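Look for chain A in each of the two complexes below; its partner is chain B in the first and chain C in the second.
Right after this comes the complex of A and B.
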């Protein structure tokens, strides 16, 4: 149903092929949060994967830092229409964290300090597609951007990259988390513009 | 919560009731007017609009003759069942969409909109399924838009819930919905409005202009002991500052809902 808007010319004619539809490149780093920024000390921080058997795999901050750390350069796309290209992160791959995890479930619910949740299929977390990230642009991750550590799943809209992440719970079925219950898409592929449902 | 050894199975954050389904609609601009020196008010008649709750937003998509498109999100200043939707858009100096909406759009123009969007930063009257809890609204600049929608919905419903609004704004000339806010203060529904001016205060104002302080915040918000739901909307710096002070003042983080400006 798209039609021409009278008088609108726009300006960003040199469209970058790395920009998904409906996205605009930004220079700053906008913040999308539903509530206050939690204050989390790395001394208290813990990340846990829990499976259907009740098994819990947990890492404290020092244990996370002792794992292989990867440098990640990637584009990120927020559902609120901004994108950043070539952003630099450091983190631990979810592949590393799932090495000793035995599960038949195909879905996860990411839980954050502060109580927020978002659902992510396990396939979207493995094979070099997702990290627990704790550095952005060479600096410790700012609390307002999810520090001390956030999930980084850059091939999905950025709300899936849960800020202040504290754990993943394996799920048999794909159930909506907080953001999805409030209108965001169950999967969130920016190239298909899966923003809302 | 940070020392808990287990991951919770249920979110501690309240979930939203069902909302009208979002979709693409054709909006006809029925009226425009200057809101402040840098902002315009746009009244839209949206074909097929399912109505919206106070605090929701929509996406506006503009299309150039060569097919180039630009999409941005805007908070809605109105609420209710009708097809009338009011926006108030601040013109960002380096913006691509906001200067067009503020300077070029006129009555009779058509725009593509997608919405209504968002189900968390929303207030509903008690008669319409909302919780009977006091409400504190805290706006920074154009962050007033969704909060004005809540205050207006409260007045329209004659809702008995105590409402209080703190509006941080640069100068008296930058106040959005000035006449409507004055009318709300005189309406039957309990509503109290406080201003903080950052650049220039009205003549004879009690406090010198300046960035909001924790003391001003504490003096102008419903105390934590009364368990208000608090909605904060503004720039990221404003929201971060205010929300962290609210927590220091004893407000439960789960009672604080925030919305921030995104890109241009």
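Right after this comes the complex of A and C.
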């Protein structure tokens, strides 16, 4: 009759409490791609925020580099069950980019070179929670990991951190992006295990 | 007959349709209009899902997501699929 003893082991399995439910720690950095890796020269790169008024706020590479750059150390969690802890990034906070943006809309659609899209509520991009990241581990971001620049929204599953990001379009309603149209959760909070519809 | 019946009525026809070798089927890309065998498409497989792209224009033809317990299939990038009997 050992059926009650398990309940007294508590967290004795030494599971790292930085790991959300259902996640496993990895040492490498797996690559997930839904298409060919775009080859984007920083000379051609541009990032644009478009609002409901039609206003477009754009930054080229040099203009992005002239903004305040932040070092970010954060855990990342992929919906395919891997997590990496304490990853190091450099990027520009979305707070900085949204400083001069006037919008009443609460949702955004991130668009990438290559056509990928993912929806992110504006609240999840502000208050020091999201960046346009261009360095990983002290090196320029590899194209296979989203270089020259990707969205970094580490408190949500990593499919929200759109690789090769080129812009955000403000949306009145929370409409689904690429994976969200095909079974994945509209928001994707790893601590709530919001993997699928 | 002018009225409609419910979705149970397509169970037989769809089971019949999908019993063919899908790779032998042809599809028409919604983006560029190319009609090609699905076996010629470019397929990107990742843990998140499988993405099928047109070999002519790169546009997404289909997306498959399979969690084991649940699966989704999106053929939104093709206007029609033809199977020959």
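Points to keep in mind about this one:
By definition in this document, the second predicted complex is superposed on the first by the 184 of 197 C-alpha atoms of A that agree within 3 Å, B and C clash if a C-alpha of one lies under 4 Å from a C-alpha of the other, contacts with A are read in each partner's own complex, and residues count from 1 in each chain.
As a convention for this text, a contact is a pair of C-beta atoms (placed from the backbone, for glycine too) under 8 Å apart; a residue touches a chain by one contact, two chains touch by 3 or more.
This is a predicted model, so every value here is computed, not measured.
Of the two partner chains placed around the shared chain by superposition, neither chain B nor chain C is touched by A:89. Judged by the touch definition given at the top, the superposed model places A:107 against neither chain B nor chain C. Of the two partner chains placed around the shared chain by superposition, neither chain B nor chain C is touched by A:61. Contacts of A:167 after superposition on the shared chain: chain B is touched, whereas chain C is not.
In the superposition on chain A, A:159 makes contact with chain C only, not with chain B.
Residue contacts after overlaying the shared chain place A:131 against neither chain B nor chain C. Shared-chain residue A:33: touches chain B and chain C both. By the touch criterion defined above, A:98 lies against neither chain B nor chain C after alignment on the C-alpha atoms of chain A. Once chain A of one complex is fitted onto chain A of the other, the partner contacts of A:45 are limited to chain B, with no touch recorded for chain C.
Counting residues of chain A touched by each partner, chain B versus chain C, the larger count belongs to B. Touched by chain B in one complex and by chain C in the other are residues 30-36, 78, 80-81, 115, 178, 181-183, 196 of chain A. Contact residues on chain C toward chain A in their complex (touch as defined above): 44, 46-49, 51, 53, 58-60, 63, 65, 67, 70, 72, 74. The part of chain B that touches chain A in the complex is made up of residues 1-3, 5-9, 11-13, 15-16, 19, 22, 24, 26, 59, 61-65, 68-73, 96, 100, 104-105, 109-112, 114, 117-121, 236, 239-240, 243-244, 246-247, 253-254, 256-258, 260-264. Remark: chain A residues 1-13, 15, 22, 24, 26, 28, 30-41, 44-46, 48, 50, 56, 58, 78, 80-82, 111, 113-117, 144, 166-169, 177-178, 181-183, 196 touch chain B in the complex.
Chain contact summary for the complex, chain A toward chain C: residues 30-36, 78-81, 115, 159, 178-179, 181-184, 195-196.
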